[in-house]
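Notes follow once the structure below has been shown.
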């Protein structure tokens, strides 16, 4: 309930359309709608272009269908993260308007009609090897779904870093760069030494031995010699996409 | 060595001022200056307004004086982090042009004459309690030293969150917000639910039992329900200041 | 051996039905029955309404059937935790009087004839998302099986917190609230700020990266800024149900 | 702002004492006061008898004096936790109305005039050895300061468990029991096997080797075979006191 | 090469059967046979009755058959640990003289003809619940295979502790007691308080949440208030059996 | 309360000295005395020769004096562990009958008049370097105080292992061997390969980097290739002494 | 771009074949080629004989085929690590010139025609048990593929250490020794005490309980009493092979 | 006892100087001297030029003096590691022939008269910042003390990497390079990309937050993308020096 609808409410009280008890009842939901903001604010999300997001990992296909259908009824944008291909198949059977992105394990709803948001520039997503592409794709699709132009450099395993440097314009033009890396997580530091825009490091769980689970990559990024590296949770491509979108938003 | 000096070099080869071997010798240092960029790039730092930084924790006062003096001779800006008050006293005795910031444990050099950088807006630094002020101050002074206008909300312990909300304009006007928090590290999530600009969480080592060392706060921020929270290392106010400055930079 | 049977024993000694050595022999088992209390006290459990519980995870269907049959023969109430659906099917085939609760992975026996225990009020179970429902159900069914009226708020994923606040009466009326949450585990702190009754936090293993396994949620709850939050083991819905029942018991 | 003051506000709008813009301005602070509740709610705390609490560990004596003076001016009750004796001396010199509790490292303000809260019974605090007394005292004084009658059993090291059992009435009469234990943290399980009221385990950092820091005790309590044990953070006597008070409150 | 064969060697040198160089050559293998003892001493093992042991977990059925056949050819006793039932089936098909113990996941060879070793008494194996029986069986069969009389108390889940105390003679008569326990690992401490013989605690990986993997049980046993508890690796029933046999050996 | 006093009690009931209610009251304390055994059994300790032990680390000198004085009044043996030299000085001033062992940080009371216990043989204490002597001494003095003949091999740093082998008789004669080691904790495995008696490994916190705190040594011992190694907590010389005494006791 | 091609470039500038802008453009790629070296230097790899390596674990068969085909087109040597047998089958179907090594989980390309590199001697690979052979084979094949003569000692489980000592010549002749070990990881220390050449320890994830994952072995090797042991990541046979090759290279 | 003295022994048996029992007695110490090699082999150390080393951290000045004096009497080389300056002062007072190296915290004995060992080339020690110099110096002095020519590049904090590249000849000429680094430990990977000789990474405990203790640096090096990096324990400059010496030794 924004200021104008609050004003309308009071005016209706003043002109007698609403009684005092009725007005009090309506105001009763204020705290609810405010506190709800602490974790999940429909209004803010829609206002800023971030769609409703369903964390799909621990939900059944049925649960996801139910929630997604409700969202689609509200005509809102839709993003379901961490959906494996079997579960996705079951969902898309019932909600054919959804698109499944296999590598990113994402389900996206139809793009809403609203025009593109006002952005500062292009977001760049980089990853070192083919093993990290799944998370990089999650980041790329999230940022794109939030209305940002996105470019990506991860087309070829071992030659990746080389191609990266071959495309210095992309590096120079980006308003925010997402770097996805496993193992010792050194790539974001390297990129951070080449550009002046904000760099977001996404550690991945690719690795073995002491590198398994992505903790070595996470620690490497948190202790990077490149000052000012932004770090998100291991394998959290979705969060990196959101952060890049927030940076790229023109205020 | 930038493009224009490279051009000058080649012209001197063309006009005979330099021989071919002399030119090759000078070009020999190219890789050095380039690779050096991987971790520490003078040119880029000066260009983007980020001053030389000395990590003071594990250095003696003598070592710091020697390095700082060399930097001051180059007329560059100067920042020394994590200097305790005793060490600072010894340093300032010999380098009286430095200023010591007691809570932030920072030494800063004289501001350079160059005009203010082109920034998008104001950076806001928030912390929950008086216990986190040291790290918040490190972030604030770093961002300020990089040429950003900075505001802070942490003047009064327990009533802090209240005042925060009393100053919603500051929240609304900020182009980036740094939130410093110990314990379970929930404050950045709360702030992330109130604003649309990028939020940077700095976990602090304030806490005891399972909260000692700041790992509970770090994990809380990495797993926040507020999508897109940027996280830096525990107690890394300096890094948060650099990241906020990168976001606030007008490209 | 309770006080009355002890009295009977001594009376039989006094009237000569038992000799002194025979009485000593019977008393010999006292320590056994007492020490047994340290971990498992049949008498106390029955007296307080807590049924026999079988931890089903690492047992075969055959083992569970054997133990459960013995308990049912004693006409006691019965609860088997952490039984997957395949194992449950095998068990219910042989013990059709048991009911399987799919989400909670619980098997419960027939309710005993004894009247409801004397309780203070209603227990409320809350969880944030559909992913945590399994553990929340374990808590709810446990508390209910112990004779408590229980209400639950977790009918709809993302809109959950909103509905929670829409039902402030439930919050106000609860004598104890169980809050089940994964990720950074912030929900119990939020609830703890809204109510004055005891709040029990149950961290769940829902999450990924640094949140995998539930340790981030556990640490978040142990370091909560809401003073006096009670915490139980990760995924321990059963324990939370028992604790809530103990709080709700009218002495 | 409760319902009646909200009603008053609207009535003043209706009778013309306030203009529509003035009313909107006053309603503007609603979200603030509500969200503030998420972490720190003055009204609720005073209402439920929980005093303002200052976490003293990472604050200077001057900072504590400033905050405490403000609270005393508001005539509120006062509790400062984790204050070492040197810092306490400096504080009490300036605020002689405060009392320092040496073992518990607590500073308490004068008891307020309000009558005792309506409680269910007596809280019992138990600890195994003299090494754990500091944390046990923190729990005891906190519960007492919140208006609860408290009894304690930890007067004599090795013989402690013996005396405990010698005072079975205290165990039987308690409405909540706080058990403080280091090492493997087994005592709460033992007590949990003897009583039917809620038991709160407080792991302490007393121990060495793998027991150092209190993690063995914490894990022992979280995995206790006594179902329904409530656990708080390591060394968190204050939190245990608050939880016991919440359980003991007559609704 | 023992002392007598060394003496024989020197005598052959003295009587001219061997030349000096030939003697030196034979002595050359001394270090080898000695150092080998550091980890694996055939002679000592046979002498003390400990059979050759094959760690079966990471070996293929073919590898185990090859090694076992070689051992059987040497007529030595044989023990293969951690063999799952499928692998065991493949092995027994080819080596029908081996016996597979399903719960203990052990393969044992035929008992050798040598008479029973000289032992002090009976070894007792205890476990709390049916979930720990696999490891308890590994311990029991190992000790038995080493020639010790063994008794076990773990025939019935929840009622186990009760039966334990009902058989106090077994407790009193044991020369060493192995106690297998998961969760918080408290049972060895309880048994340690009841007997005067050495108690060996075996933590098991049975548990969930913070108890998963057995670390809570391990820490509980290492920090036990029962002084002098011997601890072995998590799930190491085999090691516990060997230790009990060493204690029970009459020197 | 042992069997004879129980018999006396029943006889007094039979001869009328006690009424039935009085007898029931006295029997009421049975559980207390039994459960107490779970952790601390005076009778058993005295019976088996293990003295009362005070864990001195977290206690003040005054607290230790009070407890020790009570024990000395009961003429029992006395052992105070982990007492630093300053605290020891304050204690011995008031209790001059105590002896302080500087390296072992132990205080021992006067030896009681009772004759030596019936033991199997000699206990041997070995440590690799001078750095581990403190813990080795704690083990040695504990075992000695419990009435065991003890020998030690740790007189000279680097040459220690050499001397060990020079004294193979000591190795052969020992009925139990305690091996104290830091770093990677390999020494107990080596000794375990040389002897057939039980070997007790005590990891110490001597080490740096990943070896700091003793966890590398602990893990090394728990995963030793020497089957049947008994392990105690890091730096727990006292526990090792008790375990060796239990093994060495002639039943 | 090496010095000679740089010289050529400048000469073409001097003789007018290239204009100044064209020369600047070509020099522009310098940083790229240099920085690329930071992580992946084609030239250096080929020069030193280390082939292109594809980390196969997280890649699909299709991805591997695509990358491998590109490499084979360049006539370079080829190594694909961590390929399970199913994936290998799919790859070899399409690239029959590759050879799959089952135990090592490696795919190797055809050996290139270039003569053997100039090496110092033979590399020796040792492992304790059959369980570690997979990693040992990865090391062996890697070193061999890099042109080194390699010998291996791990033909027979339990008797391995014995055979090792039986082949002291191999130990004496090796220019570098790779020792692969799980459990407590003691074997590299033992070998380190027998030879004077560099020893490389490879911890394996073979083990259970606290040994699971290989951390006990890793810590054992990092804290070894054998000074100068080189350690690589858990299960990193490939890295050990590369390190041994670097040591064995004749400069 | 080497082969020649063994031959002498047998000859004395043959010529009657020794009886058979006397010879057997002398041979009895063989195993001792051999097994001793497992951890500490005087002969091998002297033979390979590695001096006796005393780990000074946990030893008193008196203990060190005693051991060092014994070594000096044997005219052997001497190295004492991890000696703080106060302890060093006390030792040097009594043993003035020792030299204390303040930064490296090393005490070295007089160089022995033996000529330089046969080495392959020069060892290079690199560290990033002045904070890591202590550990780098420990490595440098150790390698030097073992008879190797050593060069070092760490004279100037921030400009270090630049100078490194300015001295590419040193990089090219080194036969082994030790790279000391804290924080995220990336420097060894960078150096590994520039050279073909073996690179040894030494993680240091310099860092804060998640970098404290050196684990981030250790994990970064173990998971490096530079294949074949050798890693030693955190802060283990001494071990790196020994490893480099072993690599540099001409066989």
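Each chain gets a letter, A, B, C, D, E, F, G and H, in the order it is written, and its residues are counted from 1.
Convention: contacts are C-beta pairs under 8 Å (C-beta built on N, C-alpha and C of every residue); 3 or more make two chains touch, one makes a residue touch a chain.
These are the chains along with the protein names UniProt gives them: A, B, C, D, E, F, G, H = PurE domain-containing protein.
These numbers were taken from a predicted model, which means no experiment stands behind them.
A.B. asks: Going by the touch criterion stated earlier, list every chain that contacts subunit C and also contacts subunit E.
C.D. replies: The shared contacts of subunit C and subunit E, listed by label, come to D, F.
A.B. asks: Based only on mean CA positions, could you tell me how far subunit D sits from subunit G in angstrom?
C.D. replies: 59
A.B. asks: Any idea how many Å lie between the Cα centroids of subunit E and subunit H?
C.D. replies: 40
A.B. asks: Give me the residue numbers in subunit A that touch at least two other chains, ranges are fine.
C.D. replies: 31, 35, 37-40, 186, 189-190, 194, 209-211, 215, 222-223, 225, 233-234, 236
A.B. asks: Can you list every touching chain pair?
C.D. replies: Going through each pair of chains, those in contact are A-B, A-C, A-D, A-G, A-H, B-C, B-D, B-G, B-H, C-D, C-E, C-F, D-E, D-F, E-F, E-G, E-H, F-G, F-H, G-H.
A.B. asks: Quick check on the complex: what are the subunit E residues that touch subunit C?
C.D. replies: So the residues of subunit E touching subunit C come out as 128-132, 156-158, 161-162, 165-166, 168, 186-187, 190, 194, 206, 208-212.
A.B. asks: Report the residues of subunit C in contact with subunit D in the complex, numbered from low to high.
C.D. replies: Going through subunit C, the ones touching subunit D are 37-41, 44, 47-48, 50, 53, 120-121, 175, 189-190, 193-194, 196-200, 222-223, 225-234, 236, 238-243, 245-247, 249, 251.
A.B. asks: Going by the contact rule set out above, which residues of subunit F touch subunit G in the complex?
C.D. replies: 183-186, 189, 207, 209-211, 215-217, 219-225
A.B. asks: If we count contacts the way the header does, which residues on subunit D are in touch with subunit A in the complex?
C.D. replies: Listed in rising order, the residues are 3, 6-7, 10-11, 13-14, 20, 23-24, 27, 30-31, 34-35, 37-38.
A.B. asks: Per the contact definition, I'd like the list of subunit H residues that touch subunit F in the complex.
C.D. replies: 29, 31-33, 35-36, 38-40, 52, 54-55, 57-59, 63, 67, 70, 82, 203, 205, 213-215, 218, 233-236
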